[in-house]
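Dropping the structures in below, format is structure tokens.
Heads up, the next two complexes both have chain A, just with different partners, chain B and then chain C.
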Partner chain A sequence: MNQVLAHRLMVVDDSNVIRRRIERVQDLPNVEFIGAARNGIEALEMQQQLRPTIVTMDLTMPEMDGSECVAALVQRDPEVRILVISALADKLTAIDAIERGASGFLCKPFTDRQLNDALRKLIED
Partner chain B sequence: MSPESEIGVFVNGVLHYFDTTVQQVAECGTPYLALGRSPEVSDYTGMIRISGKRDGVVFFTAPKSMLCVMLMRMQETDMSHDNLCDLVGEIANTLSGNARRDFGRQFSISVPSVVHGRNAVMEYPLNTRAIVIPIEWRTYHARLVVCLN
Partner chain C sequence: MARRSSAISGQWLQFAATILFAAALTVLLMLGMRRADELQSASSALQLASELSSRPAIVRSELTLLQRGLETTTYVGDPLRNIAAIRESSNEAFPLIEQQLRGARLADQPDVAGPLAVALNRWQSLDRGLEALNKKRSAELYLDTNSGSELTASGKQMKAAVDSMLAAQSQNLQIMGDKLGQLCAMLRANVADNGRSLRSILLGGTGVAALLLGMMLYYAWRARLSAASAASAQRQVANILGTVREGLFLVGRDMRLGETCSASLTQLLRLPATAGLSFEQLLEPLVDQKTMTAALKFLGLLWKDKVHEELIESVNPLSQIEVSFPNSHGGTDTRYLAFSFRRVRGDEASADYLLGVVADVTDRVLLARELEHAKADNDSQASLLLQLLRVDPNQLQSFLATADVAFRKSNAMLTAPGIEQQDLKKKLNGVFRELHAIKGEAAALALRSFVERIHAIEDALSALRGKAALSGNDFLPLVVRLDELMTHVATIQSMQERVASFRLQGAKSPSEAHADEQRDTTVINEPVALEPPPAAPTPAPAAASAPASAPILELLRPLAQEVARAQGRAVRLVARGLEHVPARYSAAVKDICIQMIRNAVVHGIESPQLRAQHGKSAEGTVQISFATDSPEDYLLTIEDDGRGLSYEQIMDKALRQGLLRPQQAMALDRATVYRLIFQPGFSTVDQVSEHAGRGVGLDAVGSLVREHGGKVGVSTVAGQYTRFKVLLPKLATASAAAPSAA
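So, the complex of A and B:
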């Protein structure tokens, strides 16, 4: 029997509306939502407990910003795949995030379909 | 970039937010100058500050009822004060992101802040007149205010 590989999703964003929206609208059959963090510090703590395989990451957050958190998460777990979701829509921001270890970039605001397409691409690439 | 184009960046940012997030078209009304007094703010206001080549503030201000319906369109069931602040902050966050992308490094743009209440006092730069752009969505009326010197 083929076993479907389950991906474990952690959402990192200081906006409760965005955290809940990503949890609600992601509908990929092989993705399990496992938790949400409000900033980079919380994300690092949760990574140790929950062992996410994919992460959505905001950039502008209090405590520890998303760029710093991307680098720290990837350093701890080089296999983790991170989709940066940010309103900072310029190319330099996207390039910086990729250079720090992110695997994808999605601009806010986004549609439900754009989110699911970006998550699918994150998993399949 | 002309002042008209600068304002267009913010208007398009707000309209695009409605298109993508609540997936319904919002419309821009006729802009006007706020003469003689500061523009009124509504229940929730998300604001960014701009400095550098131009100085001032840009904010989106909306009634609670409008933001609640927007959350409902996003299938959100929690209409708490915190979530309403979050939503108007996200709209301001989009304005900030668009401005960073389109204005370049001659401008410094703050992280968005949120104020609550119609009595909130906004600080405007001296010797400027605010331009008010009505934003109409369904039966609701919000305003985008651009005040740059």
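So, the complex of A and C:
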């Protein structure tokens, strides 16, 4: 069973609606939800304990913004794959986060299917 | 990858086979040459040996000739000379034969070397005898005597030597001849062998050469085939690139364009996309700096191995860009271009590039917009219909008639002659008043489509009011907008008719229709019932003579609520005696009330919080009463329990708007200052809303009252109330009184 659940998902978002929704909606057989952080600082603390392999990351959060958090997470674990989830007000901000080490971007608002598709692509190959 | 390696091994095989065949051919040729050399040497040796093999017989016959000559004492110079020549040539021939045998590599073979050595040995012994003969050549051989010639002593010695030589060397000569004959036979056999083997070698060489040639021809044919298929593939690629409608191009890691691109790229971007051009240069004429920065960063992301290209498609800043190109008419064409990029991975990282695809999506974008507009139109149609369904049909009918008259009047005003600044200002104010009144009525009926349209025109009018100098042309856009308003009236009219017919259809029986009618009547009377007038019961004749007055309250109540809601106020409307309004004042009273209620709610009634702070009830009250007590005039009173008029604010505003000069202001009493609010263009509210703030309201009330020969006055106590009193003459002197009032 541990073999199958190869991917450990951590959600980072200041909105608990989004956090709960991702936890509830994601239904990929080989992804295990391991925890959710409300901001960048919490995310970094949780990374040490939980060792996530994939992360969904909000961009605008209190304490430490998503872009910075992406850079910090990748610096600690270069293998971690991060999906940035944010409203697409400014493409440059999203591009910046990907430049700092994220692997993909999902635009808010998203459907359940879009989320699962994005996560599937995130863990493929 | 597999195809590629097989192609490589095929090439190697071809190369190796060519080398092998060429080497074999070279070896064969070298062998052949060596054989040919040996053959040549053996032939030479054979020739020499066969010449030499005839010498013993010649030597014997020369010696015999010499013997006879000596016997007959005839001349023997010739045989002697011949013998000397044979000696010389034979002595030369032996080393030559040896040399040629070495060349033919036969010198070490015993069956060749043996006979030669024997022959040489015999010759050497013969040669020594011949040499002795030769030495006696010069001596006198004959002596002439009387009896004839006879041999001298030397002659006798020579004859003895020749005789003994013929006897002694006969065997030698025999053996020498035999051995040389043996040698010749060996050499002949050798030459024949060599010839055969040379022929075989040549045959083999020819075969190998033929194979090599065949192979060469095969590879040449193959190369031609693959070149032809490559050329055809290239032609197909060129055809694709020439006809595909999308602009296709490649971008390398150095952000420069690759060698090939589709022909439509140039058409789409309207600039030549030459190889080696940087992507930035390609994009520069199309996008602003911010988009450019984002685009270059985005392309950078595509090179990152960790990035999933499908997951970043949505941040592509070039997914839809608007570009303007100059057209042939001197204007510009706006097109929408969509760029997308895919990473193409080569065999090694340095061979990677990005495949860019650009397409003209103008049609798609415009279609999407059209759909959006159509949807908005549908929505507005639906909301129009909804707003119509909410409004009482009779009221709507009366509103549409009033609005139509007002719009025509406004239109007439705008198009009337008069280009002086004064005339233009007057037109502007007149139109403002007309439209504002209609807007008030529309708001009361919650006809938002009218309110919004008129509000927009009022914005335009306000802008014109602010202009220092007006011109007739400034009014042109207004005329267009008014026209649109009139069309809207017609639209609503036709919708209203359809709705009415629908309602009629809905009424199945005459009794039901009658019930509907009755219900309408009930609706009309309802407000009166809701706010029961403390005054005497309605006299029947008055109600009958003023059928239009009854709906006034019906109109005013929703207006008050609508304005209160918009302004964040809580307002209660109390009305008395409106049912007594005579028909001829019905419209005027309605317009005045609409304006006054709006003013009262916007300017008078405070917010619930403020009212609470001042110890007032949260809900403000607007009271309207229409009194018929006075013999000369009807008295319409509109009173609110709000903050009252602010003397300072009015003064300040009047000064700022230039309605008053400072020195005038000092001289004015309060009553005069309060009357300023009836001046055109006066408003104390800075924020313009749909409901108030343009300063047209009281001005309109003033002129309306004057038109009917009436008077208007105001009394106020700060923080307590504002009360407007309007006197309208009971006698029909309006038209006569109006000019004098004006």
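The rule is simple: the second predicted complex is superposed on the first by the 117 of 125 C-alpha atoms of A that agree within 3 Å, B and C clash if a C-alpha of one lies under 4 Å from a C-alpha of the other, contacts with A are read in each partner's own complex, and residues count from 1 in each chain.
Convention: contacts are C-beta pairs under 8 Å (C-beta built on N, C-alpha and C of every residue); 3 or more make two chains touch, one makes a residue touch a chain.
Please read these numbers as outputs of a predicted model, since none were measured by experiment.
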Looking at A:Ile95 after the superposition, I want to know if it touches chain B, chain C, both of them or none. Which is it: first, second, both, neither?
second
In the overlaid three-chain picture, which partner chain does A:Asn16 touch, first (chain B) or second (chain C), both, or neither?
first
Does chain B (first) or chain C (second) touch A:Gly104, or do both, or does neither?
second
First (chain B), second (chain C), both or neither: which does A:Thr60 touch?
first
Touching A:Gln75, do we find chain B (first), chain C (second), both, or neither?
neither
By the touch definition at the top of the document, which applies to A:Asn30: first (chain B), second (chain C), both, or neither?
neither
Please work out whether A:Ala87 is in contact with chain B alone, chain C alone, both, or neither, and reply first, second, both or neither.
first
Tell me which partner A:Lys121 touches in the superposition: chain B (first), chain C (second), both or neither.
second
Which chain A residues contact chain B in one complex and chain C in the other?
88, 107
If you look only at chain C, which of its residues touch chain A in the complex?
290, 293-294, 297-298, 300-301, 304, 306-308, 310-312, 314-317
For a test of understanding, state which residues of chain B touch chain A in their complex under the given definition.
16-17, 20-21, 23, 71, 74-76, 78, 82-83, 86-87, 89-90, 93-94, 96-98, 100-101, 111
Could you list, by residue number, the parts of chain A that touch chain B in their complex?
15-18, 20-21, 24-25, 60, 86-90, 93, 107-111, 114
Touching residues (chain side chain A, partner chain C) in the complex
81, 83, 88, 91-92, 94-96, 98-99, 101-107, 118, 121-122, 124
